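Both complexes below contain chain A, partnered by chain B and then by chain C.
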Partner chain A sequence: MIIDSQRITLDTKSEHVHGHGVGDHLYVHKHSIVHDLPAQVKVVAAIGFIFIVVLTPVHAVWAFALYLTMMFIVVGLAKLHFPLVLRRMLIEIPFVIFAVLMPFFGSAPRIEVLGISLSEAGLWAAFGILAKGTIGVITSVTLAATTRARDLLQGLEAIRVPAVLIQIATFMLRYSAVVTNDLARMKVARESRGFSATGIKHWKVLAHSAGALFIRSYERGERVHLAMLARGYNGTIIDLYKPIVVRRDWLIALVLPVLAIAIMMIAWVTL
Partner chain B sequence: MHMPDGLINAQVSIGAAVIAAGAITVGLKKSKGTLDSQTAPLAGLVAVFIFAFQMMNFPVAAGTSGHLMGGALASILVGPYVAILVMTVVVSLQALVFADGGLSALGLNLLNMGIVSIVVSTILFAGLMKLLPKTRISIIGVSATVAFISVLASAGAFVFEYSLGGNATYNIASVLISVMSVHVLIGIGEAIITGLTIGAILATRADLVYGARKFLPAHNLLIKESVVA
Partner chain C sequence: MTSNSSLEIKGLAYAYPDGNQALFGVNLNIKRGERVALLGPNGAGKTTLVMHLNGILKAGLGSVAVGGLEVDTDSKETLQEIRQRVGIVFQDPDDQLFMPTVREDVAFGPINMGITGSDLEDRVMEALVLVGMTDYADRPPHHLSFGQRRRVAVATVLAMKPEILVLDEPSSNLDPASRRELADILRSLDVTLLMVTHDLPYALELCQRSVILSQGTIVADGNTFDILCNAALMAENRLELPVGFEPRK
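And then the complex of A and B:
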């Protein structure tokens, strides 16, 4: 592990930081209206939107087309590259297989498509899972790509998520790189002793690594805690930077779920 | 497996979220007594560990892969209440920061991978340890057994949710058979890795294993009254 001391700089002048912080695996730094919205506003809008999508009847195909268009507009406003969003959507594949197989096994009535007998109910259910799942993944990816992990946690704290959970999450993100490096060093150490994992017979060695990793992580946790106590930690973390939320932020973000509610209501009425 | 949006209907998703929120509240209350303000840094590092543990993927039939869950491991290592907080943070961050698992299915994923597996493994661990001799070998064996059953319990919870509000046309019996057969394989992997990991930790720092603390002899610091010349 090489530590590049040139890259460690103290940025005390501005809040505006370029590049990636801890836990920002999916974060894509851009300047856009979506990036600028406070994190909690985006989380509430995204969760609200997804629940409305899930509540929409599957037979209203046009409604899902509109939802998808809305998310494409959001992705466009966020200046994200579509290939990147598509690549992250691959996470959905096991469920795509689950959905695609459904029409072949579903019950009657069956309809003929290209000479293959398919279940009508199965087709609709498969469409529903694919449509809702896809819109859900695009929403999650857009949220993750436009929100820094640090901002997300501050935002969640502002909407009354218990402080202990926020602190655990903060430590998790803060130390994930440290623990990953620990893991990498252990891998190098194993391999320099001539080890390569080829099968079940090597699980014991890997489990020993996992055990050692736990002990290292736990002991690091103890050390960090003691160091924090020495600096006056009493269970609360004072944050000097508080994101400011104005009503305009809410108005912009809530356009998405409010439009979706209108679409869902029309879908139910016209069904 | 992290469920996506739309697989289970909104009513059941919200119900699961309410149950999960209740369990998290209990976890928050009870963990205060056991760890005080230590909860945050320690639980945070345990969360990183579980997160790394979950990244161990192994291929299961038909192009899908299963990953380890870590619920049983967490509950044996740090106790059920801190484990609930740890799993909550891990699963929530996976949904919010890594886009893994649907946002509307967060309650379901928290319930299946966190709460169900923690509750099942805690009860089972305590019950089995009552029956067996209090040795290192039986702690390891019980950990592995508990890990195996906790994975099946998570899968069972999914099948139950599916039967209540699944948006699919597969009948319950075939879902039960296919989900369970996949999770038997995942469970075996989880059992072996959990048992071996607990064994490795017991060998060096047995005092760190919450589940074993009661059973293993305490190594107290021995201060002799006089030094024999």
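And then the complex of A and C:
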């Protein structure tokens, strides 16, 4: 009855992972000066920087070159791989397409480029979208890659983003993994009954799955809410662990927006 | 070639992509018509093992054969045939039921196998008769009780006429009456059965034979009554009978 079977051990690779929580697939674990900064400091610096970039006059091409260089330095300080950052920046592509179309439809005066008539104003507008968009995206990508999702939420809370928005985002983060797991199990169950989605004729099945998942998630939401009420929830969640911010953190982080302000002012004055 | 084994697992080892190894060489042979309970503590690898039976997971080493046909995750045709032969009833019926009505859900598997028309209608009704749910054919699954949903989940798999029926925790979350009704249904089926369970009295009631999976290998295989009476073996593998329960033959 008792079996003493031989144990077969497979060769496996183990990875350097520690402290990765739910919803942290954008976070890249490294030890760097950028990673170590408290989240709210990074959020303020990033948002401030993006605002300043947006306010910079389009014709000051050199200013955008400097902004981009600054962000490259930040990416370098954060020890992020450039290929990874570039890959994540692909999210910008829809805006690029929009920008490329602008010179064709913009107003006069028009100029000839390679025999094609283009609007000069349209060209500048396209450059503006591309430059400002690209710098905004690289900033956001860097922020997301160096800050845990949970810390980001705490940071947003610290800079007085409305509590309801924070709670919604917190629950999204907490339950996205649960819903993803539900979805994965439903997929396994479908496949176990011989289904594989190959084309448009299977959309009906996928739509029904999505509907079933919605009902499950909605019902779970109700149960979670009831369970919270049962523990005396009254609309506020108090965070036990507030990140500590020292003046040095602000000094480091604000280098980025302060330099940017200087560049912007010179751009406006010299124009 | 026909085989008198419904399920034949040889030296099955598997590690998850993150490097965590779950199965360390599982050997198991189940004859046609047998009812076998797969016992073992949480984290023993039971669910991982089940995922190999129909090729959801790809074996790292070793092989799985169902009714003499080896599971080959790279061949679409084989996989389709295997998934017809292995009917898995998952622990949470809500993972399995997603169509607007019970009838459509039971028809889902047979349709994937290419069955249509009156054959399909027959299969669906046959399966619903077996689990006693014909009156609910046109109801939406999410309006049924949990016990009814589990019975419908069994029907969705029976409609595929599987070679082996695999149940993951069939008695979990059922009230005692539903639990007994499901036992009656399972006993009435003429099919090979592998039941993953922590409910040891249920295993004793339904399965003559039990195997214990522990730390990724089969550590015991024998008569269910004998296993449940072996206190040392039970304790070693974190298995416990309910308080006050005395196994009887």
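Rule of thumb we're sticking to: the second predicted complex is superposed on the first by the 218 of 271 C-alpha atoms of A that agree within 3 Å, B and C clash if a C-alpha of one lies under 4 Å from a C-alpha of the other, contacts with A are read in each partner's own complex, and residues count from 1 in each chain.
The definition used in the following text is that a contact is a pair of C-beta atoms (placed from the backbone, for glycine too) under 8 Å apart; a residue touches a chain by one contact, two chains touch by 3 or more.
Nothing here was measured: the structure is a model prediction, and the numbers come from that model.
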item: Chain B versus chain C as contact partner of A:Ala262, first or second or both or neither; value: neither
item: Touched partner set for A:His208, first chain B, second chain C, both or neither; value: both
item: Partner chain in contact with A:Val61 - chain B first, chain C second, else both or neither; value: neither
item: First, second, both or neither for A:Ile97, with chain B first and chain C second; value: first
item: Partner chain in contact with A:Leu251 - chain B first, chain C second, else both or neither; value: neither
item: Touched partner set for A:Ser217, first chain B, second chain C, both or neither; value: first
item: Broader residue contact with chain A after superposition on the shared chain, chain B or chain C; value: B
item: Contacts of A:Ile116 with chain B and chain C, given as first, second, both or neither; value: neither
item: Chain B and chain C footprints on chain A, overlapping residues; value: 208, 211-213, 215
item: Contacting residues of chain C [partner chain A, same complex]; value: 11, 13-15, 18-21, 24-27, 51, 54, 56, 60-62, 76, 80, 83-84, 86-88, 90, 92, 94-100, 108-109, 112-113, 142, 156-157, 160, 216-223, 226-227, 230, 233
item: Residues of chain A that touch chain B when the two form their complex; value: 23-26, 43, 46-47, 50-51, 53-55, 58, 88, 91-95, 97-99, 102, 105-107, 119, 121-122, 125-126, 128-129, 131-133, 135-137, 139-141, 143-144, 149, 152, 162, 164-165, 167-176, 179-180, 183, 200, 203-204, 206-208, 210-215, 217-218, 220-222, 224-225, 228, 233-235
item: Complex contacts: residues of chain B adjacent to chain A; value: 1, 3-7, 9-10, 13-14, 24, 28, 31, 36-49, 51-53, 62-65, 77, 85-86, 88-90, 92-93, 95-100, 102-105, 167-170, 174, 192-193, 195-201, 203-205, 208
item: Contact set on chain A toward chain C in their complex; value: 1-10, 12-15, 17, 182, 185-186, 188-196, 205, 208-209, 211-213, 215-216
